[in-house]
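For reference, the structures are reproduced in the following blocks.
Look at the two complexes coming up: subunit A is in both, with subunit B in one and subunit C in the other.
And then the complex of A and B:
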């Protein structure tokens, strides 16, 4: 047996031994579940060391080779593993896409301090809506280096077997952005806020793939307009429900004044 | 050897065998590692990460508590004008009970936001049902309104007691293994205790104010208690 082959088999067994949980278990663990500050989970939501090495090396080849097996193979080589070892990754090219989604999302919490840090020291505090816009924009900029490859990635993400995993990542992103923006709503708007932000993010991301403007300023405007629309929509719904509540209350009080014991 | 995750163990663990859930800090799958751990104590000040089951338990506990306190504030809001119109002397009592419930709701709202727990998806449904329950019992008279409070607070008291018991077991197991328990959980336990005591105080107030003279008392409290248990069961999940 040649040394490289022996190395290959030991690598394969090593990869197989390090638990590579299917995508669902990894993300489901952190999904809208009690987030402890005193007793944080032992393993952060990230990758095993071998997987991490291959994926991060492969990621640098994405701008040139796209989210593909080729990029994975080159990454495995760079990381010092045989080219074939990339095929041990469970979802092939999609694992590279998910790596992009997860790492870019996890970067946001670190960036929050640099984005809002200086501004918070000043007297003016940004509103939650402004923070949401800022964070969403920051996340969109995370796609900057791979934006010419992103349509291919979207096509892979839309495949039925990867769809649930992609949507889960999208919902985690929306949840993270609202949390980092300091939103504390715990009524049904919790759901509508996340759903509308996820929709806006996905459409802005698609818009960005065809945006040729300087610094993607057209995408930024697109994002701003969509968020503004949702805000107006929300205030209309709020006003209507407030009016309905007031009218119903007033009606009951009139009846009570008439002597009805209700 | 690679410990394979026995799915059967997990599911049997997740399905409550009794009405109260046992949340072990160590699952059977890593029994081997816990054995070595118990012989050599962890360094002082080390905190054990929460397991998946414990996080699930805490999420559903906070979610159901928020839903419960929301319902309680709405029940009192709906009852107050009707009851007070007929019995003005009950105004301070109703206000006192409402104020405490509003305080509890604020507490759980803050906890849910802090710990990033999803609020219940049936929020609007609980709003409608609770308002209807409060208004309906108030229309039936002072005794019925108090019987409603009696039934609700009995169920809620039991429910909080179960949660406190589960949390204390969890903490006791950590301490037995030599781990430290963070202030977050200690505060949660003391908050739950305080709120439980206040709920049981409402129960006493209700009984003092002729809750048991409602006609038919057994039917009214039976229906409301069954409804509460159903709502708690659903809110823990959805």
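And then the complex of A and C:
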């Protein structure tokens, strides 16, 4: 059959020759990822009314039932919805975890005044580092009620599909803490500060899940030690780079003295 | 091949009908499919077509009535009154091979999507024993894929779920495939199922207002003549707090390179597989064109909002980079 031969050879070419629809590429960057006084973000609506109702009701069941679909279902019923309503939340149990992360983080900016309020009026101003420690500690205390469920939550957050939004929340938290502490750096340390604080926060949080001490004072010490290390590390890095810069500069000057055109 | 065949190819029908429909509005891509391809294949393979579909002369006369609204059928523009019959023709002819074709076209991946979709809905989950009864309507669920998964997920969640799933489809061929397949299920699962032949844009009176907990439509709403009407109908029949959930092909524009490969596959290979396996190129050509014509994630989300639902977060979840997407909405309480 001659048509069949022609048919066979045309398979591959057909795959490549079929015209494609005009594809549209989207490059939309919604909002910037830093705090700006000149361009404050549009009023962030974190949750719609239905999700807010279900999530806030479900959150009260977390200490007993963990970050689970069951807690969500109970929450939906408490809020007057049918059980199935909870399934409208796109990520199931992770929605509840993110609710915890977002609400605790947003709470922080409201608390800033009560933490620093009186002291600011007085003569002695807290250093930025001390404010960072204070705020980080305050955020860690936000995990107090659910800390016995937090290892489960960390396991869910570490799942590949949830990792990106978990990390994003962590970076937002680090950014918020530095911002609220009044840090105004615009040099590369902007990044290193946030990266180191995010690491310290995550490790302190993990430490806290196994901390049985009164008022989590061991976690507080752990946090202090880590921040101190970073400070020392920072000063070591600063000294070394200063020394390297001086030596390089001097070396170049010596070479210029020798007649090299640099 | 139980589906009745009509004389002449569907392409022939298109050729006859296109000039008439172009009077109504511009066809977005009149050059599609390319002439060389149709020369290659149109002669060698007889195309299946539903005998109930109107003949070309019927169409010409019905198109002559002025003021009729048009919609799209793949890349063609057809009368709204026409689309239902044409879609019926497609699904009558693919009913038998539907599930096999899905496996071939998506490398079996559609099963992963559907499993994820059903798992994310947690059907039959109850906080007390015995729990509240749940009523589910699976629209365009002809072959029972989703309904069977919903029932078995509910049985896995609790030993004796109070759950009823109605499988609804406009197409009797698809529905009878589902009915046959359901006979292989355990009796406890079969007891939770019923079948209903209905148009999702005008659900029959036995589906009452505010009566459903969950409304699912999987790979179906793309084929509706008027998706917004179906969304409004879903809003009407759902209880306050009831959930609308839709799994549908969507746009992978966010990943240009992947999108290119995917489009190559869908426009190059899928009609070809359809021709080789199901002996029906045109139906699968329609399939990929209709995927292209379906609104983007954001547009469809806005349609869901327009129908009166509330969404959570972005309102959709991309699967496999956006090749498919899950949209969910909840009917507000007040």
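Things to note:
We take it that the second predicted complex is superposed on the first by the 205 of 262 C-alpha atoms of A that agree within 3 Å, B and C clash if a C-alpha of one lies under 4 Å from a C-alpha of the other, contacts with A are read in each partner's own complex, and residues count from 1 in each chain.
Note that in this section a residue touches a chain if its C-beta (ideal position, glycine included) is under 8 Å from a C-beta of that chain, and two chains touch if they have at least 3 such contacts.
All values reported here derive from a predicted model rather than from experimental measurement.
Within the superposed three-chain arrangement, the count of touched residues of subunit A is higher for C, of the candidates subunit B and subunit C. Looking at the shared chain after the overlay, A:225 reaches neither subunit B nor subunit C.
When the shared chain is aligned, no partner comes close enough to touch A:148: not subunit B, not subunit C.
Contacts of A:92 after superposition: subunit C is touched, whereas subunit B is not reached.
By the touch criterion stated above, A:262 is placed in contact with subunit B alone, subunit C being left untouched. In the superposed pair of complexes, A:113 makes contact with neither subunit B nor subunit C. For the contact definition in use here, the residues of subunit A common to its subunit B contact set and its subunit C contact set are 17, 19. Against subunit A, in their complex, subunit B makes its touches with residues 2, 47-50, 52, 54-56, 58-59, 62, 66, 81-82, 85-86, 109-110, 112-113, 115-119, 121, 123-124, 135, 139, 182-185. Taken in their complex, subunit A has these residues touching subunit C: 3, 6-7, 10-11, 14-21, 23-26, 47-51, 69-70, 73-74, 76-77, 80-92, 95. On the side of subunit A, the complex with subunit B involves touching residues 17, 19, 29, 32-42, 175, 179, 184-188, 190-191, 256, 261-262.
Interface residues of subunit C facing subunit A in the complex, by the touch rule stated above, are 29, 31-34, 36-37, 40, 44, 120-123, 125-127, 131-132, 134, 213-214, 239, 241-243, 245, 253-254, 256, 259-260, 263-264, 267-269, 272, 292, 310-314, 316-317, 326, 328-330, 332-333.
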